[in-house]
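Scrolling down, you'll hit the structures one after another.
Look at the two complexes coming up: subunit A is in both, with subunit B in one and subunit C in the other.
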Partner chain A sequence: MCMGLVSSLVRLVLSPQFFGPIVFPGLVTVLAVLLSIIWVERKIAARVQMRVGPLYILRPLGGAIQMLADGLRFFFQEFIVPETVDRVPFLLAPVVAMSFAMLPFAFVPLAPNFKPYTVPYSMPAFLGLNTVIPLTVLAMAWGSNNKFSIQGGIREAYMTIAYEAVLFISAYSMALLYHTLDFAEMVEAQKVPGILLNPISALVFFIAMIMSAGKLPFDIVEGEQEIVAGPFTEYSGIAFGLTMGIGYVQLYGFTLAFTLMYLSGWEPLVAPLYSIYPALGGILLFVKAYLLLVFIVFLRAVYGRYRLDQALRIGWRTLFPLAIVSVFLSIALGVIGVV
Partner chain B sequence: MFRGKVRRHVEAIATGLKYLVKPNRITVYYPEEAIVLSERYRGMIHYDWDKCISCGLCAMICPADAMKMYRKKGEKKARPGINYQRCIFCGYCVDICPTNALSFTRVHDVAFEKLDEMLYPPEKFTSEWRSPAEERGARRLRVVFDEERGLKHVPEQ
Partner chain C sequence: MSSSVMEARLLEKEGDEEVYEVFIGPQHPASGHMRLIVRLEGDVIVGVDPDIGWVHRTMEKLAESKEALKAIPLLERMTIIDSQNVTIGYVRALEKLLGVEPPPRARYLRTLLSEINRIASHLYGMGLAGIFVNHSTMFMWCFGDREVWIQLAEELTGARLTHSYSVPGGVRRDLPQGFKEKALKAIRYMEKRLDEYHRIFFDNPQVRARYEGVGVLKPHEARRLGVVGPNLRASGVRYDARLLGDYGVYDELEFEIPVREEGDAMSRLLLRGDEIRQSMNIIRQVLDKIPEGPILAEKYLRLIPPKLREPALKEGRIKFPGIFANLKLPKGEAVARAEMGHGEIFYHVTSDGSKKPYRVRVVTPSFRNVILFRYLPPGHRFMDLPAIYGSLDYFPPEADR
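Showing the complex of A and B:
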């Protein structure tokens, strides 16, 4: 009886439906990535800017568990709910946003025949779920009843229309190229990495995903030098921790999608690990995505922040035409029969 | 124009990568290492009780109203006291003091727990200043010019 329970539990944990969203690359891995990438970001920025960066918490490793300490602080900090806020959206929006940042992981395939949620439209589903987050940010901005929050919300609305169309068009151009809307089939279709087949689409998707996650140089919505923390101004304690984490979780999801679409995903497959357990075959996918993530946080140290109008100009005048060009390039490549 | 833009992006990223691979740190590990400041550094002010002639020039010149003359009941002489909440470390009081009773120390890294502690009446004003980092045994570093790097920190001999 007990053995039966244990074995069924193990089977449940190891089933793609559970393992994908909860363990790898979902919840547990997301937390590990969050804890590590913020430290990596601060350390890289410090090195480029001739400083030391976080140091004292676990000094032998250069302050590697700094984020664990910060996270604990968020937990025990008082969560203040101001009297003038609209309580329902104010309290609900960060939770909904985090949920919708986590949900796309259900559509990320890890290895051949290892999909958490089998659907022939995993790419549009992935992108579609991410489009809910700007709406929750608007809800936060409105519910906070604060002038900085409202300004941040307006910026989010502007930014959304600048990057969303571009993000979708560049992603769909790859779908045209591979003749499929499924991530797993896209990886199988890539004899040559997609970034070499359609570099324009890769570039546009790369920039649009940084815009979407609101990371530097496009952290216009938060704009801490001008509008405190934008839509997240009134949040404190663990809710602020959530709002801070959303961008990183979103970015991590996008880097996985980028790897699947442009960097040939888990290929070359690590066969010994795959034969032990299929999800372990996704280790290369994770490594590629993580390196991409490190590169993106490195860009923070290089670029200054774009102004809102500059970001919109890039979105509409440069990226949008480039995205259209990438669609035609994909069609041309498809007609020739490259893939 | 387009090529120029691309080139500038590549150059910026290359510069960032250069510093990432070969960091050029200009800060020091402060509480363990402390930079030796120059002789003329304007830190906390020290007051010499015996040299003071109670002229009051320091209180008169102080642009921030930090310096004030205190007189005890029954005493003829008034003596200066300082309020570090207001002091802007301009150094006018030290410059104008005719007997050099006021002098700058090289200590700047002190912290106060309460606002009241920043008030230094004449008796307290004579106290010696010590840098907490150096009291904890910080290594003393001196800033020197370096042909390649610009500025460099070397241990003081």
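Showing the complex of A and C:
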């Protein structure tokens, strides 16, 4: 009886439907990535800027669990709800945002025949779930009832329409190229990495995903020099921690999608690990995505922030035509019969 | 963008329902010790009211309540990052009242510290200009490299920031041993770093996009608004209080006053880089040309008891006798100007013949430049406000006094 329970629990944990969203690459891995990438970001910036960075918490590892300490502090800090806020959206929006940032991981395949949800259109589902987040940010901005928050909300709205179309078009151009809307089939279709087949689409998707996650040089929504923390100004405690984490979670998801579409995903497959347990075959997918993530957070040490109208101009006047060009490039490649 | 900053002021319409008022400061991550009341129409600024006075410390009144010498450590707290340049004008005014001139060596030493302070002050301003567009690397680099010059000043004066180095009739300390080598090493380092600043910041397309063509100040407007310092020279007006030859040894040295024509935020930043190069040029010449001799005027050296005078001269450290603090200022008035990192500072000291000055009037460069907050931003985007603020190198405690 007891053994039966344990084995059925193990079977549950190891089933793709559970393992994908909850363990890897989902919840547990997301938390680990969150804790590590912020530390990596601060350490890289510190190295460039002739500083030490986080150090004192777990000194032998160079302050590696600094973010754990920060997270704990967020947990035990008082969460102040101002009297003037609209309570329902104010309290609900960060939670909804975090949930929708986590959901897309259910559509990320890890290895051949290891998909949490077997749907033939995992790519649009992945991108579609991400589009909910800007709406929750608008809800936070409106619910906060603060001038700086509303300014930040308007910026989020402008930015969203600038990058979202571009993000979708460049992703769909790859779908045209591979004749599929499924991440796993895309990986199988990549004899040559997609970034070499359609570099324009890769570039556009890359910039659009940085815009989407609000990282430098496009951290316009949070522009602390003008609007304090943008839509998140009134948040404190764990809710602020959530709002801070959303961008990173989103970015991690996007780097996984980028790896699947342009960097041939888990290929070459690590066969020994795959034979132990299929999900472990996704280790290379994770490594590629993480390196990409490190590169993006490194940009913080190089760039400042673009102005809102400049970012919109980049989105509409540069990226949008490029995204259209990438569609035609994909069609041309399809006609020639490269893939 | 508006054609003229003077006309841009007219964009604001009183009591307009469309106008969105944002209070930036005094508790805001980027406001400094001040408040900017910004009026927006959409994303475009139609009016800015700089609300100053949050760090007013009654400097002028306090200076009246102290013996003339004791006001030096007080007044340098107006601009603690540039304390030699902020007090040299006051010291010159006292010297004019007392009828005493510093010996040549003291004048060279004053020039040396003035330029060290100017470099540190410009680095401070450039660093803040970096963080105002969220360029954290520029911020950290400038503040880190500023330490080089602060340590050099500490070597010379014994204090990192509050040097109180110049006193009526001379300076407090002589050049320490091995100072020249350290200074030359610092100059070599800084020259290398300025090139690196160009690579990471000034030639960075993102930074150029934020600063170029933003907050243009035309020469005639700069003159009319009474702007001073690098903000004036970046608009093509060649004015620098060092050219007056009233203090230091600037008339004996060869250096240029950098001037730029564009008048935008980028040229204001680049001009500070140019000035750092010129200051290093001046430091080199000072170290080569500095003559031997006393560092305090003969008249005051005689006040030191003979037993202490010899060791003081040998060591190059002057410990003032009590009588020195009680100098009686002759009745009269004196004015002096000096060029700080932020611009020209003006002192007007009036004496009624007692130990304490009757009135000390200070006009600081930041106070004269604060008007730009009103005239430069209208017509620009909201996000240009920090860029303009960063380019002005405005220092609230100095303006509020």
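For the reader, a short list of remarks on this structure follows.
Throughout what follows, the second predicted complex is superposed on the first by the 339 of 339 C-alpha atoms of A that agree within 3 Å, B and C clash if a C-alpha of one lies under 4 Å from a C-alpha of the other, contacts with A are read in each partner's own complex, and residues count from 1 in each chain.
In this section, contacts are C-beta pairs under 8 Å (C-beta built on N, C-alpha and C of every residue); 3 or more make two chains touch, one makes a residue touch a chain.
Values in this document were obtained by computation on a predicted structure and should not be read as measured data.
Overlap between subunit B and subunit C is detected when the two structures are superposed via subunit A.
Within the superposed three-chain model, A:A97 lies out of touch with both subunit B and subunit C [touch as defined at top].
When the two complexes are overlaid on their common chain A, residue A:A175 makes contact with neither subunit B nor subunit C. Here subunit B and subunit C are compared by how many residues of subunit A each touches, and C touches more.
Of the two partner chains placed around the shared chain by superposition, subunit C is the only one that A:G223 touches, whereas subunit B remains out of contact.
Contacts of A:M50 after superposition: both subunit B and subunit C are touched. Applying the stated contact rule after C-alpha superposition, one finds that A:F298 touches subunit B and leaves subunit C untouched.
Of all the stretches 4-12, 22-30, 40-48 or 58-66 given for subunit C, the clashing one with respect to subunit B is 58-66.
Of the residues of subunit A, those at positions 48, 50-51, 301-303 touch subunit B in one of the two structures and subunit C in the other. Residues of subunit B touching subunit A in their complex: 12-13, 15-17, 19-20, 23-27, 29. Across the complex, subunit A meets subunit C through its residues 45, 48-51, 147-148, 151, 216-217, 219-220, 223-226, 228, 300-310.
The touching residues of subunit A, counted against subunit B in their complex, run 44, 47-48, 50-52, 55, 298-299, 301-303. Those residues of subunit C that touch subunit A in the shared complex are 20, 22-24, 28-30, 43, 130-138, 140-141, 144, 200, 204, 206-207, 209-210, 381-386.
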